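Structure first, then comments.
Chain IDs A, B and C follow the sequence of writing; residue 1 opens each chain.
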Amino acid sequence: MITPWREAWTGRLLLVLMMAITLLPFVSLFVTALHPSGTYPAGLAWPDDPQWGNFLRAFEAAEMGELLKSSTLIVLGVVPISILLGTMAGFAIGHLRVIGGRVLFVLFVLGLTLPYEGIITPLYYQIRDMGLLNTRWAIILPLIGLFMPFSVFWMRAHFVNMPGELSESARMDGANVWQLFRRIHVPLAVPAIASLGILLFLWTWNQFLLAIVLVDDPTKRTMSGALGAFQGQWGTNIPLLSAGSLLILTPTLLVFLIFQRHFVKALLQGSLKG
Amino acid sequence: MARRVRPGRSGVALVIAMGTLTAACAPPGGDSPQPQATSAAPVSEAPTCGTAPVTMTGYFETGFPLPKELTTEFTKQHPNVTWDIREDQFAVLTQNAPRLLADNPPDLMRLPQLSELVKDNLMKNLDGYATAFGWDKWPASQLEQLRLGQGGRPRGEGSLYALGLNMSMTGVFYNKKLAEQIGMSAPPATLAEFDTLLDKAKSAGITPIVQFNGGATGGLAFPLQNLMASYGPSGPINDWIFQKPGATIDTPSNLQAVQHLERWIKAGYFQKDVNAVDYATMMSRFIDGQGLFMFNGDWESGNLDKQMAGNVGFTLMPSAQEGGKLATMSAPLTFGIAAKAKNADCAAYFLNWVATDKRAREIGVEVGGSRPLGPADAYMPEVAQDTVTAGTLAAGADIAADNGAMDFIANATGAIYAKGWTPQLQKLVAGEQTPQELLKTVQADYSGQIEGN
Amino acid sequence: MTRPAGARSVHRRPVARKLRGTRGLVGWLFVAPAFAFYAVFVLRPIALTFQYSLYEWDGIGPSTWVGAANYGRVFTDRDLFESLVNAFQLIVFFSAVPVVLGLAVAATIRRIAASRLALVARTVLFLPQVIPLVAAGIAWSWLLASTGVVNQLLSLVGLGGVTRAWLGDFATALPAVGMIGAWVLLGLCTLLLLAGMSKIDPALYEAARLDGAGPWREFVSITIPSLRQEIAVCVTVTVIAALASFDIVYISTQGGPGNTTMVPGLQIFYLAFADREVGTASALAMVLMILVIACALPIQWFAKDNNR
């Protein structure tokens, strides 16, 4: 393909500009975080005396250790179960073609686009009656349910493509359905499961609404919900708020940078299918 | 055919399954236990926090150091008591209050407007404690705003449902250096003088008033209510706030007040971005010397004395007529105990301690900047004469003399601030609302909210 | 299900015979746990939302049956209806800006797709998708403040006259919130479209070039039609994000100034938990859910057509 010189440079310029806009908020947070605590720095200006200690203060103020533990526990509660249940259901609907599967599938698909605000009110009373308010279960259990549409949809899309001969030969060897699922199909589904895991991790970690409604104690929330509480408490101290926001961002950013190729792939596929 | 029937049948099964899931369609709220009105539990002797370790849960307003200073000092004196405190900005706290008090009740909580919380039996009736601790022997005006009738209306009489950490009061702070620049030698004695000063400041290139009016907090309610009290008597305003039958905010003198406020807005006496300024930004601007006046409360006195030592003055809003009666917003810094609080006795003991302990009263004045509650003859800490804290304490005496204490118009109902005053005042700033319509709308919101409850 | 019938019969029929038992009870056992969670934490709340919407209830005391009155309020109460209108206005920013800009950017990037810059861009442009929306809200509130970077940049290029507190101004608050959403979604759309472009058969372009088509013609008659599915997906994702927006507004404006940035999600939250008008909140929630499905379903079907 012939690429005229000028066109290539316009493209490059456009890219750089886009990246600059994308990064601007992060840079602004960073620079603001270095200003003396309690001040209102104007615009982007490097402080005369960078207050690196703000990060330490924010770390302590936000109880980052607790927050990391809490978010991790929630992710560990949500993601493995969602994957297991979603994979089993996807397998049954997509591969076993269970009777009534189509009706079920449509029912699940209808939940794909559900705005969480739509059900947050009854969910609150339900969780309250279950006695789970202000525990991590209040986030974990509903999220598993809310993630089922996508998980089932995603895994079904994988299993629907698995050739039937696979199962046939395994059945000839006398495997029961569970062994067939466990030994043959799950190993083959690992890439799909990995992508699903990444997406569910991200959505759990960043879940805000459930966290602020169902859990009052920030140290039992997700990272995102905790950031909301942090803003509530320190919103009047902009440098500290910026430092705290950056700290709370960091774990996701690290995970993203380490697994970035998988992330991008998973998110692209995820939105294409979802 | 057979193949098609079966999914159909499972579909039916699904519908049935879902039907059973929807809990037999009983109307909501029918079967859950309703909170009962807590009648004043008789308390034989004044309760204490005991000696066993206890963790008190608190829900406080962020940005105000007084409560935390007090709880810290309390733990120092009572080492068995520790505190687990959550903080939020006032607007968020207001939103969360009913939910929290019902389902995750804190022992001690900074309270927004009380009426609906009392109506729903979410607050502990403190009458028993009042007798046991002798609060009923304090000057009645200290507790008047915290008394509510059966079902939460009207306010101002009935049972006690909360206590104050102190009695805060609002007025006008001014930057002495900037005042000197425009030749202001004494605080304005009439509203007309005040207008002249504002105009002088504007001409001198000084922002006349820094105020907040952004987000969920319409801070122009401060100057507005001061203007209302300048133009008219404070009695009807109080009646409206206390939800007395037939009270209205839409009165001729209040209209004059809103019109006056509109003139200030149009004259450019507030910062251009006042609709985006939150409370903390206003404070930092005032401390930074970016404006002459600020309508605010004495809870900032201690802070201002520290950050602008010697450079800040305080005055009450002048009346429209020379020598007219002075009135301003003055209310207890309200804290209450959830009806279902686990450690209610200890919380009540703490509230009593705040009003009676010598060190607590000192903290109340130094950090809080306001007059502590308590018996009329209670210990009063010394305050240096040239501080603004001294100024606000003196003004408190003036207000008491004129019987001019009003509650805050934002406290008339639980939602009137967020749903009424804040958006309406923001619209007034943007030129999207007229004074007439502003009062009509707020009054309609108010009536709707009272009827709806 | 557009796979040719012949292909299906080749390997499905024997399996169906062998796996006959699994299509009933055993198969259901595989689905049951997933469905149970879905039913308890999604379907039941949906049904309850509908039920609540027919009552007047403060969430604490007893409730009163009011029929459809709450729905009437959603469409007649100015504040409630305005929130729906605002959500639709947000679509312009959440959807139109990222899709149109994303198309332009992707088309430009495609030419230098292999360069290292493009690889870096893939990572960078994705950052907004990864971070919590709350963080985006916090960062942008500060950028858009009256002393913020946006105004600083505007003054720098001689536009000092238009500077303002973007989130506190009646005229600009909603667009400003919209731009935060556009910032979050632009990267996703760009990369989605870029991925779609890489799948277009280069022969199509060469044929067009032989016909003497310029870059614009090429773009309109080949690129856009080939990207139908990706565009549909971008539109769905972003429209839903606009209609169901909550986090950004909650953090950056709380619905103000006035009610200019109030959106249904936030309104439901306020109504249900602060004003304790659970019935009205639920009616608005039903309307929101139906609106989202009504906007998403057509595109879902459209996208599925090209799938399997």
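Going forward, contacts are C-beta pairs under 8 Å (C-beta built on N, C-alpha and C of every residue); 3 or more make two chains touch, one makes a residue touch a chain.
Just so it is clear, the structure is predicted and the values come from calculations on it, not from any experiment.
Chain pairs A-B and A-C differ in how many C-beta pairs are in contact, and the one with more is A-C. With respect to chain C, maximal separation of chain centres occurs for B (centres as means of Cα atoms).
Chain A and chain B have Cα centroids separated by 39 Å.
For the pair chain A and chain C, the distance between mean C-alpha positions equals 15 Å. Shown for chain C are the residues in touch with two or more other chains, namely 39-40, 43-44, 48, 52, 59, 273, 278.
Contact with two or more other chains is made by residues 28, 96, 99 of chain B. Counting only residues that touch two or more partner chains, chain A has 40, 99, 101, 104, 107, 124-125. In the complex of the two chains, the chain C residues touching chain A come out as 11-12, 14-16, 18-19, 22-24, 26-28, 30-31, 33-35, 37-46, 48-49, 52, 59, 104-105, 108-109, 111-112, 115, 117-118, 120-136, 138-140, 142-143, 147-149, 151-152, 183, 186-188, 190-192, 195, 202, 205, 229-230, 233-234, 236-237, 240, 243-244, 246-247, 250-251, 264-265, 268-269, 272-273, 278, 281-282, 285-286, 288-289, 292-293, 296, 300, 303, 307-308.
Taken in their complex, chain C has these residues touching chain B: 39-40, 43-44, 47-48, 51-52, 55, 57-63, 65, 79, 145-146, 164-170, 253-259, 270, 273-278.
Looking at the complex, you find that chain A touches chain C at residues 1, 3, 7-8, 10-12, 14-16, 18-19, 21-26, 28-29, 32, 40-44, 85-86, 88-89, 91-93, 96-99, 101, 104, 107-126, 141-142, 144-146, 148-149, 151-152, 157, 160-161, 163-165, 167-168, 171-172, 177, 181, 202, 205-206, 208-209, 213, 223-224, 227-228, 231, 238, 241-242, 245, 248-249, 252-253, 256-257, 260, 263-264, 267-268, 271-274. Across the complex, chain A is touched by residues 6-7, 9-11, 13-14, 28, 32, 62-63, 86-89, 92, 96, 99-100, 103-104, 278-281, 284-285 of chain B. Per the touch definition, chain B reaches chain C in the complex via residues 17-18, 21-23, 25, 27-30, 34-35, 91, 94-96, 98-99, 102, 116, 120, 122, 214-216, 272-273, 275-277, 414-415, 418-419, 422-423, 426-427, 429-430, 432, 452-453.
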